[in-house]
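Labels run A, B, C and D following the written order; every chain starts at residue 1.
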Amino acid sequence: MADVLVVLALMFVAAAATAAVLNRDPARQAVVLSLLGLGLAVAFTVLQAPDVGLSQLGVGSALTPLMILLTVRKVRKGKGRGRE
Amino acid sequence: MNPWLGGAALLLVGGLGPSLWAAASGGAGRRVVAQNMATLLLCLVFLLLAQGYGRTAYVDLALVVAVLGPAGTLVFARLLLDRDSGDPPGARWLTPVVAVATPATVIPLCIVTGPGRATVKLVVIGLLLLAGGVATTRAVRRG
Amino acid sequence: MSRRVRMGVLAAGLLATAALFVTAFLDMPHFGGAWHPYGDRAVQASVNRRTANTVSAVNFDQRGFDTLGEESILFASVLGTVVLLRQARDERTRAPRPGPVPAALRRYGLVALPATLLIGLYVIAHGQLSPGGGFQGGVVVATALHLLYIAVDYPALERIRPLGLYEVGDAVGEAAYVVLGVAGLLAGSAYLANVLPFGTFNTLSSGGTVPLLNAAVGLEVASAVVVLLARFLVQALEIEGGDGGKEQAA
Amino acid sequence: MSVFPYAVAGWIFLVGVYGLATSRNLVHAVGCLSVAQSATYVLLLAVGYRRGGTAPVFSDTPTTASVVDPVVQALALTDVVVGATVTALLLALVVQTAKRHGTTDPDELHELKG
């Protein structure tokens, strides 16, 4: 059973990583990256590393998406002004 | 065969898998709803794993997701969702799923754990999750 | 280089790397094996020093100097970000207008903020016992403060966030780690040696210097993340952007 | 099963590098870099796993329990948080690039320069 969970969690992580790369719009990629972070946290936990899982949760669930979305907003604002 | 780990595997395949699909395709609204659903289910997965491995220390992960998961969804609701685009598809399922799945997971865990500090922690996680679910649904549907 | 040539080079590189990976993976000790010489010794050392969470013991006791290096990377990248995202001379700021926030969301934010803060501090304080520690808890604490921005509004966050204080906190956290290391030297032992009494196994005061170093790291990480996000928030929400840059360069 | 987790780590790394090399947006490229970075965590933890082992945290389990390797966990743990601040530094560079050149497409940047 433990092995089944490891395989499932790793497959989820691999799928999320692929999806994160294939989503070319950074704002939408941020959503997939957040799911990748959650998937990694599960994978770390089934690999019996709850410490690393906690670390990943803290960073991946809110912090990284917030930074990416703020960057996207800043960059778009700059571009919109340039076109005017 | 450990039923708790079995439940976690089932949630992983049946809950988080489809959430990933929805989060990786379609419009912004659908993605944010999927992300919200994923964090709520993930919290339950961690609770089931903690029980399944027989390690109460793992409950801390569920505790952290219960507060940071909604925070993440609120980030997306604030910076990604278009205010005038209306109700995102699937948003009306959020509250029923949270309202059913959370007690369905937390109450059996409380019964198995028995009275004590661990049970109080489980109840706190359940309440945080319910409050977070309601608040994020409100934010996502504000649309 | 044309796009097609570039893709060809990329494909060749990826395939070669994949081949190297496969060769290496087939030769590695198999997944889930029982042979972990370093792990077994680290666990033994940690139990001898009465630290229940051996991962914290490795980070802050056995490899404390290495963690100082990691912390310095963190400190340096925060410094770099602050320098890169400072307000340029030709940029104007504009106070962002507070948007309408549903009352239910505002109430959730006000309840979740103290709860998240408490959970973050709990994670830092229990680093030597259960999963957690300064790195994880610091991020949770910093996220808690930003619930004010994401659930209430930006001016509310600005009111409770004296930024200078967090910049000091970042430096104090880093300095506290260095000073705790010097304490080892003063006690007649090595730099960052665990010189405090180890205490009773599985209690809050166990582990000697581990909880103190955890607290120092927690302070630094929390302050660092607050400072980082503050820069991004100012850039995205306040600064209008000057006309310099491109035009001047051209 | 004996090499599957390693293969997953390899796949994540390669797919991240592919995204990095073909990216048309610097913010997307930073996201791809963080994907490639997560491959190292998966690989490290897979190396440290012991079948039937539990987490090397003895707050709720006897010290005689069979546990997985804590050294690799310590390596991954600090790098997750430090990696996030490095991501922030890269995003700050992207913001500066966009300010100076008005674009975040690496190909257009190349044309500007040369």
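The rule we apply is simple: a contact is a pair of C-beta atoms (placed from the backbone, for glycine too) under 8 Å apart; a residue touches a chain by one contact, two chains touch by 3 or more.
None of these values were measured; they are calculated from a predicted model.
Asks: Suppose chain centres are the mean of their C-alpha atoms. Which chain sits farthest from chain D?
Replies: B
Asks: If you tally the C-beta contacts for B-C and for B-D, which one comes out higher?
Replies: B-C
Asks: Distance from the CA centroid of chain B to that of chain D, rounded to the nearest Å?
Replies: Comparing mean C-alpha positions, chain D is 24 Å from chain B.
Asks: Measure off the straight-line distance from the CA centroid of chain C to the CA centroid of chain D, and report it in whole Å.
Replies: 15
Asks: Among the residues of chain B, which ones contact at least 2 other chains?
Replies: 53, 55, 57-58, 60-61, 64, 68, 71, 75
Asks: Which chain A residues touch at least two other chains?
Replies: As it turns out, chain A has residues touching two or more other chains at 2-3, 20, 22, 30, 48-51, 53-55, 57-59, 62-63, 66-67, 70-71, 73-74, 78, 82.
Asks: I need the residues of chain D touching at least two other chains; which ones are they?
Replies: 1, 4-5, 18, 46, 48-49, 51, 54-55, 57, 59-60, 67-68, 73, 77, 80-81, 84, 88, 91, 95, 99, 102
Asks: Taking touching chains as linked, do they make an open path (line), a single closed cycle (ring), a hub with spokes (star), an all-linked set (complete), or other?
Replies: Drawn as a graph, the chains make a fully connected set, so complete.
Asks: Within their complex, state which residues of chain B touch chain D.
Replies: Interface residues on chain B, with respect to chain D: 53, 55-58.
Asks: In the complex, go through chain D and note every residue touching chain B.
Replies: Going through chain D, the ones touching chain B are 54-55, 57, 59-61.
Asks: Would you pull the chain C residues touching chain A in the complex into a rising list?
Replies: 32, 53, 55-56, 123, 131-133, 135-136, 139-140, 142-143, 146, 150, 225, 228-229, 232-233, 235-237, 241, 246
Asks: Spell out the part of chain D that touches chain C in their complex, as residue ranges.
Replies: 1-7, 10, 13-14, 17-18, 21-22, 46-51, 55-60, 63, 67-74, 77-82, 84-86, 88-89, 91-93, 95-96, 99-102
Asks: So in the complex, the part of chain C that touches chain D is made up of which residues?
Replies: Chain C reaches chain D through residues 6-7, 10, 14, 17-18, 21-22, 25-26, 28-34, 36, 38-39, 42-43, 46-47, 52-55, 57-59, 63, 67, 70, 73-74, 77-78, 80-81, 84-85, 88, 126, 129-131, 133, 135-136, 138-139, 201-202, 221, 224-225, 228, 231-232, 235, 241, 245-246, 249.
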